[in-house]
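Next come two complexes built around subunit A: one with subunit B, the other with subunit C.
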Partner chain A sequence: MKFAFKALFPLFSIVFIASCKFGGNTLPYMNIERVEGADTVFNKIPDFSFTNQNGEEINKQSLKGKVYVADFFFVSCPTICPVMAKNLKKVYERFGNNDKFMILSHTIDPRHDSVEVLKNYANRLGVAAPAWQFVTGKKDEIYQIGYDFYMATIEEDDSEGSGGYLHSGGLILVDSKGRIRGVYDGTNEAQVGQLISDLSILLK
Partner chain B sequence: MHKLSLLTIFSLLLIGTFSCKSAEEQRAAELKKEVLEMHDVLMKKTEDLVKMRTQLAKAQNQSKSMVQRTAIKSTIILINAAESFMEDWMQYYAQNEPKADAEIDAVVDFYEKQLKELNRMNIQMDDALEKGKEWLKKMNS
Partner chain C sequence: MIKTVLVFVFAFVLLAGCNDADRKKQQFISLGRLVYQKQCANCHQDNGNGYEALYPPINQSDYFLANPLNSLCLIVNGAEEPMTVNGKEYNLPMPSFAHLKPDELAKLLTYLSNSWDNDGSFYSEEDVTKTLATCSNK
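Our next item is the complex of A and B:
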């Protein structure tokens, strides 16, 4: 997965630097669909229905009013996912008690990552819902939501060894109104540190 | 003199043993790197397969020819098989990756086998992607 990291690093860096430049209390808005006069129209998350590690349904309503971090992973991942999980746990430990906060981790191997497998994975990590939701569902729907919403702000890296678009280590920060406010490399400690700072702004 | 020769032979044997072990360890590390790099290549192709399946499923629904629909369905089956191959391999790898204290010969053997398996998977994926592309081209022309 080092290849994916290398390939996408410039993209993450631009977003990362852009987030730093905005600084203060203003984070960028990254999913602007169009501007109509004085109104800005944002690309909205499509309807979805997934199941979390407790067997509960997670849908668009579950995200209402939440500031959350979305990512894509799979339990048997031998490369970036363990590093991402370790870094995300720092985020969970910092904000896990805030009921407006959530981490939404989508498995990209739903055939193997059943509710039970996800539950065991969460237990091994020492984390729990509702602050950290591990969700499974139909594979094509998980990929679709990744392409159409979460990763739509990142230019796709088509190089052969990139490791894939969804499996790139990206962490997507979404505010309480469903607007994407940052994209970070989940394998990079400095960028995860920036994510924590940006979350502090959005959760104030 | 005799004692000195024995000591020299013993030392050379010792050095030989350690340098062999070191070479084997290096080989294992290189093979592991190759396996993980190949895994990344195939992860990207898996995403391409998922995208292609969505496009093919749409084409299948839109086609009025039963022959075409059946042929597209066969290609989707190939895609599903290639995708399952990858998912199953990842499970196997996660559950069987050699532990730190494993015999070095067994470690080298494991990674060599995985590399062969991934190369086989690569061919299967390329075949499914090629057939999918052909159908999409036909449907869009």
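Our next item is the complex of A and C:
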């Protein structure tokens, strides 16, 4: 009995610390900029202005209070994007009618992916805004936000079969306070399953 | 595991009783499957049925089955123009697969024709080379 208690004590303290630190769940924080005493300062999403598949402006304000999944793709992508889209659609089907939820897909090929091209793609995939936003904009602004905030890998690439771009296929999970809580491989079904269960925690 | 072994044993017994042409066809189907899995299945899917209104089916596709050799130019050059498959319109671009060699294309085409509910034809490297000569800008 005594032994059991001794063994349980550290366990309790870990659970206790974890729950105070992570507010009841164990998802990590991935965009901490620095810690100042008791305060954690997060790397904040910069201001931006993009246009969605309906021609509407999407900016920082549109993300307010949303738990969202960000990704980078392009419509004519030959390799991983079709797989990512299929996996993300499962996420959309699960949470699409929760108004706190959003998917934000940025094209990395804004020269080809105009508003009309994105609209056609969304319609054909069978999804719609506001739950799934496909956005285009100034190329520099899209790439910058990808590197600076979402920690994404995006490069132009003209090797065979790449379709002109190299990118990581990462799905980035952001909570309602703009904190990155997970990065998942959008081509891997198990990781997308993990994303779905992490989303259920954040959307509770 | 046992299933896989049995499939191989059966395949072996069957092949052993086949003539050369059948054996070559079986070989093309197996090798063509590898090309399909690597290059095409992410869009057209393992079951050949395509995905949503984005990517058309190859299984039981009226476009493909009308004359599978005609799809060769499309595979090599890619596609930009909208097309109708089984009464539905598709308009996303298909990338070009200009790097596939005639022997790979023959295997791929034979695989597509012998998969799912398609018609079971065989295509040789010569068939492919002849057709490729007729494709524009290739």
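Quick note on the criterion: the second predicted complex is superposed on the first by the 165 of 204 C-alpha atoms of A that agree within 3 Å, B and C clash if a C-alpha of one lies under 4 Å from a C-alpha of the other, contacts with A are read in each partner's own complex, and residues count from 1 in each chain.
The rule is short, and it goes like this: a residue touches a chain if its C-beta (ideal position, glycine included) is under 8 Å from a C-beta of that chain, and two chains touch if they have at least 3 such contacts.
What you see is a predicted model, and the numbers here were worked out from it, not measured in a lab.
Asker: Just to be sure I read the superposition right, which of the two partners does A:76 touch: subunit B = first, subunit C = second, or both, or neither?
Answerer: So A:76 meets both subunit B and subunit C here.
Asker: Check the residue A:86 against both partner chains and state whether it touches subunit B (first), subunit C (second), both, or neither.
Answerer: After superposing on A, A:86 lies in contact with subunit C but is clear of subunit B.
Asker: Is A:167 in contact with subunit B, with subunit C, with both, or with neither (first, second, both, neither)?
Answerer: first
Asker: By residue count, which of the two partners contacts subunit A more extensively, subunit B or subunit C?
Answerer: Ranking subunit B and subunit C by residues of subunit A touched puts B first.
Asker: Return first, second, both or neither, reflecting whether A:123 touches subunit B, subunit C, both chains, or no partner chain.
Answerer: A:123: touches subunit C, not subunit B.
Asker: Please indicate which partner A:152 is in contact with in the superposed arrangement: first for subunit B, second for subunit C, both, or neither.
Answerer: After superposition on chain A, A:152 lies in contact with neither partner.
Asker: With both complexes overlaid on chain A, does A:139 touch subunit B (first), subunit C (second), both or neither?
Answerer: first
Asker: Pick one for A:201: touches subunit B only (first), subunit C only (second), both, or neither.
Answerer: Neither partner.
Asker: Which partner does A:111 contact after superposing on A: first (subunit B), second (subunit C), both, neither?
Answerer: The answer is first: A:111 touches subunit B but not subunit C.
Asker: Under the contact rule defined above, give the subunit A residues that sit at the interface with subunit B and also at the interface with subunit C.
Answerer: The overlap between the subunit B and subunit C interfaces on subunit A comprises residues 75-76, 78-79, 160-161, 163.
Asker: Along subunit A, where are the residues that touch subunit B in the complex?
Answerer: 1-4, 74-79, 109, 111-112, 139-140, 143-144, 147, 159-167
Asker: Sort out for me which residues of subunit B touch subunit A in the complex.
Answerer: Spelled out, the residues of subunit B in touch with subunit A are 36-37, 39-41, 43-44, 46-47, 50-51, 53-54, 84, 87, 90-91, 93-95, 97.
Asker: How about subunit C: which of its residues touch subunit A in the complex?
Answerer: 42-43, 51-55, 91-93, 95, 99
Asker: What does subunit A use to touch subunit C in their complex?
Answerer: For subunit A paired with subunit C, touching residues are 75-76, 78-80, 82-83, 85-86, 120-121, 123-126, 160-161, 163.
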